[in-house]
Amino acid sequence: MHFSSDNWAGAADPIATALAEKAGGFMSAYGTGELDRAVEDKFAETFEHDVAVLPVATGTAANSLALALAMKPGGIALAHAEAHVVEDECGAPELMMGAGRIEPVEGALAKIDAGALARHLRRYDPPFLHHGRAVALTLTQATEVGTVYSTGEIAALAGQAKQLGMKVHMDGARFANALVHLDCTPAEMTWKAGVDMVSFGGTKNGCWCAEALVLFDPSLREEAEYLRKRAGQLFSKQRFVSLQFDAYLEGGLWLDLARHANAMADRLRSGIASCGRARLAWPSQANEVFAIMSKQDAERAQGEGARFYEWPAPHWLDDKPGEDEAVYRLVTSFASEADEIDRFAALLGT
Amino acid sequence: MHFSSDNWAGAADPIATALAEKAGGFMSAYGTGELDRAVEDKFAETFEHDVAVLPVATGTAANSLALALAMKPGGIALAHAEAHVVEDECGAPELMMGAGRIEPVEGALAKIDAGALARHLRRYDPPFLHHGRAVALTLTQATEVGTVYSTGEIAALAGQAKQLGMKVHMDGARFANALVHLDCTPAEMTWKAGVDMVSFGGTKNGCWCAEALVLFDPSLREEAEYLRKRAGQLFSKQRFVSLQFDAYLEGGLWLDLARHANAMADRLRSGIASCGRARLAWPSQANEVFAIMSKQDAERAQGEGARFYEWPAPHWLDDKPGEDEAVYRLVTSFASEADEIDRFAALLGT
Amino acid sequence: MHFSSDNWAGAADPIATALAEKAGGFMSAYGTGELDRAVEDKFAETFEHDVAVLPVATGTAANSLALALAMKPGGIALAHAEAHVVEDECGAPELMMGAGRIEPVEGALAKIDAGALARHLRRYDPPFLHHGRAVALTLTQATEVGTVYSTGEIAALAGQAKQLGMKVHMDGARFANALVHLDCTPAEMTWKAGVDMVSFGGTKNGCWCAEALVLFDPSLREEAEYLRKRAGQLFSKQRFVSLQFDAYLEGGLWLDLARHANAMADRLRSGIASCGRARLAWPSQANEVFAIMSKQDAERAQGEGARFYEWPAPHWLDDKPGEDEAVYRLVTSFASEADEIDRFAALLGT
Amino acid sequence: MHFSSDNWAGAADPIATALAEKAGGFMSAYGTGELDRAVEDKFAETFEHDVAVLPVATGTAANSLALALAMKPGGIALAHAEAHVVEDECGAPELMMGAGRIEPVEGALAKIDAGALARHLRRYDPPFLHHGRAVALTLTQATEVGTVYSTGEIAALAGQAKQLGMKVHMDGARFANALVHLDCTPAEMTWKAGVDMVSFGGTKNGCWCAEALVLFDPSLREEAEYLRKRAGQLFSKQRFVSLQFDAYLEGGLWLDLARHANAMADRLRSGIASCGRARLAWPSQANEVFAIMSKQDAERAQGEGARFYEWPAPHWLDDKPGEDEAVYRLVTSFASEADEIDRFAALLGT
């Protein structure tokens, strides 16, 4: 009953197999091989747009380099207060941005509230030297609490940012999970809605290590390459990441893996909603599920082998946990099995 | 005839196999799994010393974080003028150090000259606010031109640095190749000679992506972990790097791979020395070979399928290439085959 | 009727005179002269504590270097959301901190709320690698909206920070104005209440350019000096700043100047409260006064020669300005005259 | 007998007087006053070119911001190995550049050798990701050892840099001393010779604190202003720097002050050359004089009240000091008097 995080899972079989089969032989280093170019073409096809694709080691690196690409002296990136760049990257974005700032914006369900964004942006319009400059907006899709922006919501927020000449970035550590939930195309969820660059994550969805910064304006490639190299993020044997992406994007594998993870999350949400001893903290949509239950029940379940963590109750949460309760996060993945979900729901219900 | 670089080779079989076999299942993320700890133990055993081991994505990252760990405001790291941190990392060390400086020091054969180091250090002893502070010395072992410091040379240079309270770092992108050349223990080549931290590279020697910062003072672990996370260098599925190191260090595989690469380089050196139409530019010792030949011969060999690059003639080189000649670098690896060496030598000789 | 800002005023006579009288002659550069040492002694006497005093060019520099002194990789400084370091320094603190972060904390009257601070700090206790580390708390005294922390409030907030091993900094751009309002000693308002370092501002209170970072732990001097020099903030002819501080601290001049500014603010507050066509936005205490009045009245006053700016209505303000109203900031200084205050009040009232 | 440095002198009378006379009254802050604009016009007139002028606190700040303005990720600025940015700014340029690098270039008399520059630039032409990018060339005029580039030399070096699209900066801490030596116009020594930006120093030549970054491309003003503010270098009462520059540039005062300093240096050079117990180390041209004398003689002179420092013998110096000798630096200034020069020469000769 592994619900700790989707990065506890290993590699999906087709990816592990592809890696093993193509481990040998010589290939041009530093992302200049034929395979590297072929994978970039696959991304272009997937997004229906010319792209520059820069593999990096971690989602943190992809996010940080994206913001760095938008940076100017005194530059400020706006992000939700609970975004990964704010809460879980230990200052990496600020480092890569060359001492930029991330300004936290509020909103329920970890989604930036359009009115709140407007209030924040007012400060930077017109620009005033002392305040610094708004240079980027970053949206997390799916969010840290398993919710998903609609394409309309993305377009509306991006539109606000565009009016100030800001760049729009999407942290897509769980890009695939959001996409299959919305049932739209990658293009619709990104550039058609005003997104300029995506941190495209494969690691949580069945790869070992496959993260990439995807730019819809390939003229930024050179600048991005200098930023990546300077960050120690240019793999010498980049082929091993390309191999993963090659298998990941082939024949819709990535979407199948995400659909499975989301289906398991749906099953888990149903199980929690109907078990009688726990309740859903909020209506998440992707592969993260948040339950309110008694601490006693949680400990009991953990004692029976269920792996999951407590999660701080967001301040926008109306249905606060009671004295003896807490919010818990449960994450499903491509590797989750219906059986363990059912066992967990049964365990909770008793 | 692949002599472009050792990072054009793929993965050695035992490493590829280990990865494929252990691709599945759940494991604690961010380097907190049992395997991660077991690999750290293996490093401790290998180095006969308590260590903290921090896997990162690239050698550039390992070098940069090592220097960052030694950094203070106004801090200066001394390195050979031809070191990778100076010539090939695009400013990554300076970024990670928080705007530190690398001061280039000269020396023949890409090895820091003891007298030159003494002259440089004189400037920082006693410290003077305006000059900045000497905080680290970094040595590349094997060097960028295939030469190897003896343990005595390392100890002498490290000793100079220690007198000023500096930290001593070893860039070991080709650690194994140097080690088997010296035929000493990892301990003798590092902490017994005054080295405080090592960028331990496995990638060029048969791994896909296995680089780690190894600290002989584990009390620096916490600081190093913050630096690594902040650099976007903490893999979520670190297990995949641990798996590589596990196989790499097992049963002396890493030494066998390096011995092969070096033997192939010896064979190549012999072939060049005796072919009559080329000469060794200098007596390299590890798996990089530098030949002076006519540009015409080089092009001809490349036309026949030999892959290698021109290398700028170092200014310490007495035997300068003639008008129509140039220096060329040829790199062997665990994947080099005697046959292709012999074909290349034969090709040159005709 | 100059109420734009206290930095529109020039230099107080005794300071201008001291500068003119001691303009000539030779003196040791870079803060190593006898006068520089004497001034440091004067600071020690003023604060009843051993201190290291580092003059810098601006309050922004003093604040930024103070936070830099507390910085570690992944470090976070907590500040009020309306603090100068957050709103008006264009990213300087982040730059000097080497890409640190400032986390905004809320509180009415631009004073950090103790409960809010506790909620923020909970995230960093115990420390968790991904979150970064809380390293400093900075308090603005007097605040940006003219309010003043009591010594008890300072001690309580500092106490929270100290429990996590954080450093406590005071932005004292208007230190003197706060001090004379509280009618306590410099020691009571700082180190006796848990403050470790102060940005001591003289510029707004009658100097031309006299800002200094004051450290109550002089063992940090060397580190601070490297930080200052590296920031291009070490004046070669530091004597000219020392001359200003020498006159400023002599015979309580600085307190007299601040008492005058505050008295003028009191007079202005009374005038506004009783004029009938405006009201005080909130009860400020130092030399900044905030009035709500109709935009029409404001324009009329400006047309008559009154200089002052609109100020964004803080979100903690209950008494929101009406549709045709706005909040306006009026700043008094050592150079304000009772007459112009009275003229302004009269102007408003008609 | 004050020869320690030109920054030991105070302020020239006309500057001190101007400051004292205009100390009072209100003026728009942060460099937005009429006086500030008038001073910028005076600079434009002086340089016969449209300019943006940004006063800062120190020459180190001006140099660092200039290089920051030219910076890109992976960017490298080339400077003479003995330049102030390399030897005496404690890493400030690297900090402001956002972790850029300064690459030292050699040349006799502390002037960059054209051939050496060409060799260095070859590495960056064409650009190669791993090496970083050459973005700026900085020339010190007059140099750290009192020598002066001819306008032809400047044009030749700048021309090399321009071919790679680099920006050319002049560190003019002793701009006036170089200018009066060359007896040319400010325009001829700068933009007419290919210089894009100047650190224009007034402090060493009779001001208290008057340094400015002068840009010949005013379209860079906005970017430079953000960089300056972010560096804590925007004076709130900038008027006091403007006042100094206003008097400094008025009626050629700055040239008169520099002519005096240079004349005193000439007198000192003659005195040393003819005293019989010392010799000129090299033929300096501006207001710094370098003598080789016995350590015994130096100590004796210091014992008699002469203030000057030892200077490390440059490695390009052919006439090395003997065993008991050393190189000493003697700096004259606007405040030097013929009498003390003569006393010093007499003292040496006996």
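For reference, chains read A, B, C and D in written order, and residue numbers begin at 1 within each chain.
Everything that follows uses one rule, which is that a contact is a pair of C-beta atoms (placed from the backbone, for glycine too) under 8 Å apart; a residue touches a chain by one contact, two chains touch by 3 or more.
In this text, all values refer to a predicted model and were calculated from it rather than measured experimentally.
J.: With contacts counted as defined, which of the two, C-D or B-C, has more C-beta pairs across the interface?
T.: By number of C-beta pairs in contact, C-D is the larger.
J.: With chain centres set to the mean of the C-alpha atoms, which chain is at the far end from chain A?
T.: Farthest from chain A by mean C-alpha position: D.
J.: State, to the nearest whole Å, the distance from the C-alpha centre of chain B to the C-alpha centre of chain C.
T.: About 51 Å separates the centre of chain B from that of chain C.
J.: What whole-number Å value describes the gap between the mean CA coordinates of chain C and chain D?
T.: Whole-Å distance between the two chain centres: 34.
J.: Please set out, as single numbers or ranges, the residues of chain D touching at least two other chains.
T.: 30, 73-74, 89-91, 95, 98-99, 129-130, 132, 226, 229-230, 234
J.: Under the stated contact criterion, what part of chain A meets chain D in this complex?
T.: 30, 68, 72-74, 98-99, 129-130, 132-133, 223, 225-227, 229-230, 234
J.: Once bound in the complex, which stretches of chain D touch chain C?
T.: Counting only chain D, the residues touching chain C are 2, 4-5, 7-11, 13, 15-17, 19-20, 22-30, 56-62, 64, 89-92, 95-96, 203-204, 208-209, 226, 229-237, 239-240, 307, 335.
J.: With touch defined as at the start, can you tell me which chain D residues reach chain B in the complex?
T.: Its residues touching chain B are 73-76, 87-91, 94-95, 97-102, 104, 123, 129-132, 312.
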